[in-house]
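Chain nomenclature is as follows: A, B, C, D, E and F, assigned in order of appearance, with residue numbering initiated at 1 for each chain independently.
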Amino acid sequence: MEKIEKTKMNKMNRTLKAEVLIEALPYICKFQDQKIVIKYGGHAMVNEDAKNWIAKDVVLLRFVGLNPVVVHGGGPEINKAMEKMGKEPKFIHGLRVTDEDTLDIVKMVLVGKINGDIVSKLGKYGGKAVGLSGKSGHLIKAKKKIQYVVKENEKVEVDLGRVGEVEEINTELIDILIEKRYIPVISPLGIDNYGNAFNLNADIAAGDIAGAIGAKKLIMITDVDGVMADINDPSTLYKKLTISEVEEMIEKGIITGGMIPKIEACINALNKGVESVHIINGKIPHSVLLEIFTEEGIGTMIVKD
Amino acid sequence: MEKIEKTKMNKMNRTLKAEVLIEALPYICKFQDQKIVIKYGGHAMVNEDAKNWIAKDVVLLRFVGLNPVVVHGGGPEINKAMEKMGKEPKFIHGLRVTDEDTLDIVKMVLVGKINGDIVSKLGKYGGKAVGLSGKSGHLIKAKKKIQYVVKENEKVEVDLGRVGEVEEINTELIDILIEKRYIPVISPLGIDNYGNAFNLNADIAAGDIAGAIGAKKLIMITDVDGVMADINDPSTLYKKLTISEVEEMIEKGIITGGMIPKIEACINALNKGVESVHIINGKIPHSVLLEIFTEEGIGTMIVKD
Amino acid sequence: MEKIEKTKMNKMNRTLKAEVLIEALPYICKFQDQKIVIKYGGHAMVNEDAKNWIAKDVVLLRFVGLNPVVVHGGGPEINKAMEKMGKEPKFIHGLRVTDEDTLDIVKMVLVGKINGDIVSKLGKYGGKAVGLSGKSGHLIKAKKKIQYVVKENEKVEVDLGRVGEVEEINTELIDILIEKRYIPVISPLGIDNYGNAFNLNADIAAGDIAGAIGAKKLIMITDVDGVMADINDPSTLYKKLTISEVEEMIEKGIITGGMIPKIEACINALNKGVESVHIINGKIPHSVLLEIFTEEGIGTMIVKD
Amino acid sequence: MEKIEKTKMNKMNRTLKAEVLIEALPYICKFQDQKIVIKYGGHAMVNEDAKNWIAKDVVLLRFVGLNPVVVHGGGPEINKAMEKMGKEPKFIHGLRVTDEDTLDIVKMVLVGKINGDIVSKLGKYGGKAVGLSGKSGHLIKAKKKIQYVVKENEKVEVDLGRVGEVEEINTELIDILIEKRYIPVISPLGIDNYGNAFNLNADIAAGDIAGAIGAKKLIMITDVDGVMADINDPSTLYKKLTISEVEEMIEKGIITGGMIPKIEACINALNKGVESVHIINGKIPHSVLLEIFTEEGIGTMIVKD
Amino acid sequence: MEKIEKTKMNKMNRTLKAEVLIEALPYICKFQDQKIVIKYGGHAMVNEDAKNWIAKDVVLLRFVGLNPVVVHGGGPEINKAMEKMGKEPKFIHGLRVTDEDTLDIVKMVLVGKINGDIVSKLGKYGGKAVGLSGKSGHLIKAKKKIQYVVKENEKVEVDLGRVGEVEEINTELIDILIEKRYIPVISPLGIDNYGNAFNLNADIAAGDIAGAIGAKKLIMITDVDGVMADINDPSTLYKKLTISEVEEMIEKGIITGGMIPKIEACINALNKGVESVHIINGKIPHSVLLEIFTEEGIGTMIVKD
Amino acid sequence: MEKIEKTKMNKMNRTLKAEVLIEALPYICKFQDQKIVIKYGGHAMVNEDAKNWIAKDVVLLRFVGLNPVVVHGGGPEINKAMEKMGKEPKFIHGLRVTDEDTLDIVKMVLVGKINGDIVSKLGKYGGKAVGLSGKSGHLIKAKKKIQYVVKENEKVEVDLGRVGEVEEINTELIDILIEKRYIPVISPLGIDNYGNAFNLNADIAAGDIAGAIGAKKLIMITDVDGVMADINDPSTLYKKLTISEVEEMIEKGIITGGMIPKIEACINALNKGVESVHIINGKIPHSVLLEIFTEEGIGTMIVKD
């Protein structure tokens, strides 16, 4: 027989906890059975605390009836592995030039290390996760990406090696896994009809997958709070924007630098049929839950006009 | 374009909220897909706030993957209706003497009013609830209860009229509804093979149903915090007891009065195969969630030896 | 060892019985797997013999492969209950003015008494019936009915209280039950998004339900043989009429009084997609079977032009 | 607009019809979803009226929720065909001596003619029938029957040619068809592992099939009313007998001649697990329905002790 | 312990065997889950070796994931049976004049003999085959064929008796059997709404069935290698032709005689939606496999323009 | 229009091809729907031709109705990668000492490179393959392996680092994929309850998986022909051995060296319930097909006594 000491304080806390759970109810109800793609990237992939936050958030989404699908990138880890193996990373227009050796390293790091780590973390918190490269079940059919650069005022094709772009997403395998309540964790590798693998841009691939499986939302985990009027002033965060607004902001130079390809990936996802794309900061604890389950959200939501 | 003001305070609160959601994760994971019967009764049935708490709690249980089944009683409302119709309630050994007219009133109040109100409340918060009397789908097969009283040192049979006891629970209909994610709300009325209806004790019926459907837990919503050494001192609450402990406490006179039949109903449920029965206080906001989703719980849990 | 005496007479009778069963074969074949809504009302709800006839008929329909759905009204019983509770029924344009107290009585009588009695009767004859109010599974979404009366040559809105009209039928729950071979028995109560209940006209609701679930037929059980040229002469019964014919008959004053709203409910059902509506007399034994399984039928069938 | 003349007489008749349908209700309810094997043979296979009765009866059984399976014989037609082809039928112990040519004729008549005719008739009255020989889907695995005769006081083996006995029934195909609401019509032909076909005794095969599929009843359509104390006096019909009673009756010489193998086939079926076997007279119109759907039945029912 | 002697030769042979299996892989992959109708006719129906080849080929198709459906004819055997029964076969325009007696013989031979033999053979090699006449499950709805002949320069209708043409194919039964991995074997008999059977042209019926079930290919097993420029010179075989090419060849007199109705049946199949029709020679061992699983095929393939 | 030249030679070849396909029929029939685990290792993992043979063989198994599951090892490639990264491989008792860095390399090579390559190859030949590490779906639950060495006559525990052994196989995910006709390709990595990964012996893991999923056969692809009396004389190959025979051969020193742990893995598989384990030579083209689809097989089969 155990007795318990109940103080008034304790009672209040408990009730508060329950209230918080209940506050999530309308959101849980609203997003029931819907697919949500989470593009996992940036700082949150290397910080142990952030890894745990995000894994817990994703597992919770699954348990409360949503169907999360994780797509991850891998930038810094690939560079680290290349250096270890004595290769120097090289980029053109933000795309990694990928020779055969580099592709091997990309595959090993993305699929062999990062993907497995995410799967382990999700498993640790009770989720049934399945790691997939784009090769499994012909998931991502890709082709070589033709890239042009402007050189002496002329548009010239450059060879990026084994860099590809998505031709078609074969959703059968994802659908089977989701139906059986698994969480697919996808590495951005594509394959062509001859069995050749290609390195893909994870942001774009996440949007292609989100569109193909009919996801409601695409959550982009980044290292910034969202789109801000002044990048140094968090109070200037835009909560909600439309495609034409962000396009105007790019034109006007408000959105610049590394945020531009991110925004282009968001627009790609919206064009593929996703209802809203959310740029959130992976450094904020549980930012995924906060974005989905609170009224005001935490980052920038972009929608169609 | 909407901008948001983010204060540090606000940020903290949000993170705290997320932490609370995440704290529930292991419990959600543990009870996934399990059936939980909630016996709804007492003060919580007449207080509007409590009605809302409990409805929200039950709907949340459903959304996070548990399968709640609600069984309700109806005491005070039946008395009120009887008085309105000029009939005086009469009890023997805590059981309502039920003539044909009284049975009509019982049916009207239980099924026509209370059951419907619970279904409406659950629906309001996003749950798909279905009201069932024990008659639907031959759900509760009952027979007339034979009751004895001691009169002048002799055991004498008394006629309680249309008061019955459960003979068999037909779980097919409940299983169909649960599988399709509905929340069954059951009035404690039974029926015999000739189509005669019987008034049943809701606590006992809840245990019979919980056992028949293979429920993991039976939550008894009452007007007290649980089993206490001193009924006036909440600090004497017992957190966990076994059947033999409560039986000893009844013998020793620690458990007395109205708590005795409640405890007997708990023992009935455990004997029917339920793993644990929980006596909780419906006056505490969200006591259902707190009992299921927190380490320490909030009431008294009774288990087999 | 039992021997049997077989007389020629006996033999003939038996063969005759078999012939009757066989005569139903083409109708059973024709209506196989089709949904048929039976609006149960009038005298047949209070006469014990009629209750038994109709219950047997409905159960037989189920066993021979049709999918009956029962929708019931409750007029006289509600008045009786109101009187017992000292309230005076009040009607405007045939619609019951329904204050909160009246709504409580309506709910108690419809759901708590009448619906349960029908479910019991069907169960007694081997049917698996499930009682549903319009609240269960968000079955009937309703809104407040705006009613106008003409007062001093002006159209004036009158407040009927909690009288509603159907906005939408959510057929999921009915479909699940039918697929599992249950007979749904529905009380005409609706609910709005805020959880407010409304009293509905049972004839109209039956047509709305029949249309929504794709029923082939709506059988209206009434206290008259059907539409007659001379209400006092059964030989003037019309066997088959079209919408435009009944509309003309109303205009010409052949159809009058209480039959007019009945006919309007029939037209509503046909407009919602039901193929034929049948007005039959509940006082004739087994009128439901006779209408469905005999060539000539027994009442008046109304179809589209 | 059609009016109808309703006379009192007419009304009575109609009600009577409905009463007959309703009388079948408890039987329909009791036998719901159960499998019933009908061994179709004798006079009823050559008389056009009887063919129609029986086809209608079987189709009705299907529509009211039972699962009939038809097994047919073919005696007289095979003899007729053999004569046409200039072959003389030859029997030993009631078993047709079957050389290869005879087997060809048996197959052609049983499968090509009789089976097809039954399927057509059932189809004509709305049933979905499928003709099967024992070869389809490895339905009946058979082996050569070893038959002995007593010759000059010695038991001598005789070669019956391609006469077989059932080794195993493969119920998969029957179960698939029943589940999809087809009526299997089976010719008594078996096949061994080498693809050799065998002619089987239809009565015995019907019992083997009934046992293998878990049929409740086996109905034997014959040319007599059942088992009678005096074969010339229908009033001496036994309504119900047990295995030990019929065995005693054979011993005592009450059951004689062609009835003996029939009774042995009945006992075989009961030993294979069938609950009751019914010997009925195919010359009585709708004897199948009468046996199943009336209290007193029409023939002799044999059950285990 | 068994040791094995392995010679180099032996090793080579084995590897060669494996290579052959592997060569079939792309075809197996390409035709996976597709339906293929095999019209079985001609010499291959009477030669024991050919029967075995074809049965093995069809069973192999099933095991490697294709869904074969066999439709057979029966010409020579029917004539033989008619002669045995003293009837003389009579043809008009290649169609058998079919009186009632002839129809009986046709049914007996097609369904009772040929169909059963094919089912047995398929079973012998491990296939689960089900024999079906067009009557089972209302499979082939037919009507009397109206045939005209030119007599003294006038088109005159002639009565062919019970010769029919397909009105509608009811694919439900075939689909059920295919889904459960059975091989349907269909006799070309049709039935009208009144239960009358009709004798059908097997080539045409095979095309109708192939079209109705959505078959990819129709394989016509004949006694010639395919369409040849010079019927006596196999080297003039056409490998692939279009509808307009064969139509031109008929016009020009290159295709003549018995090949013309065969070609018309092919065109019928293509018009019903079949992708390609293949005329192959049943005398060549395993011609079915060779046509489907080798690059160059073995007969003549006809496709739409 | 294409004509073809058909020489007699050509015809013979074609027929021969068909005969080979047909020879496989009884094996295809026998192993239909059975699960077969293929442990892929040794030389066959680095030779491009062998990779293609094996991929084609596995895909063919899938298409002819078997359910192959591939488990692969990775020895030589891991060493190569370690060297590239400047780490020296270290082994104790044939087990790789696995520190954290080495584990990272193992994961990257096994999952990121080898597994992905196998999946690509299978995909190239038409198979739907899914790469799985033991982490996905909690597939392989493992724990740290406690290893002892004998040092100065004492049994001493040595720390192998992150080397584990299988505790439990969770077959749900494999079963789902097989049912949907995918080919699972599994890397031998396990995970404990805290999310720690472990390097596993692939041969043992393959046996554990084969046993858990109820596989009929485990095919071990090695670099030798099987178990031989004289390792240099292929003619001394044992075709079939039992557990007690191989145990005796180990004792007697006939089986020595690297073959011993291989044989122990075979015995493990048999003890886990696999019916037969087959040691085959991956250097022989299509050895997988030859072992399964030919009478004499190609390697050594080991079965229970």
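To be clear about the criterion, a residue touches a chain if its C-beta (ideal position, glycine included) is under 8 Å from a C-beta of that chain, and two chains touch if they have at least 3 such contacts.
These numbers come from a predicted model, not from an experiment.
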Separation of chain D from chain B in steps, with touching chains one step apart: 2
For chain B and chain E, chains touching each: none
Chain whose average C-alpha position is farthest from chain E's own: B
Whole-Å gap separating chain C and chain D, where each centre is the average of the chain's CA atoms: 44
Inter-chain centre distance, chain B versus chain C - centres from mean C-alpha coordinates, in Å: 35
For chain A paired with chain E, centre-to-centre distance based on mean C-alpha positions, whole Å: 55
Chain-level touch network, classified as line, ring, star, complete or other: ring
Chain C residues touching chain B - in the complex, by the definition given at the top: 81, 84-85, 104, 107-113, 115-116, 119-121, 123-124, 128-133, 135-138, 172-173, 176-177, 180, 182, 189, 191, 194-195, 197
Chain B residues touching chain A - in the complex, by the definition given at the top: 1-6, 11, 14-26, 28-29, 32, 56-57, 59-60, 63-65, 125-126, 229, 234-241, 245, 284-286, 289-290, 293-294, 296, 298
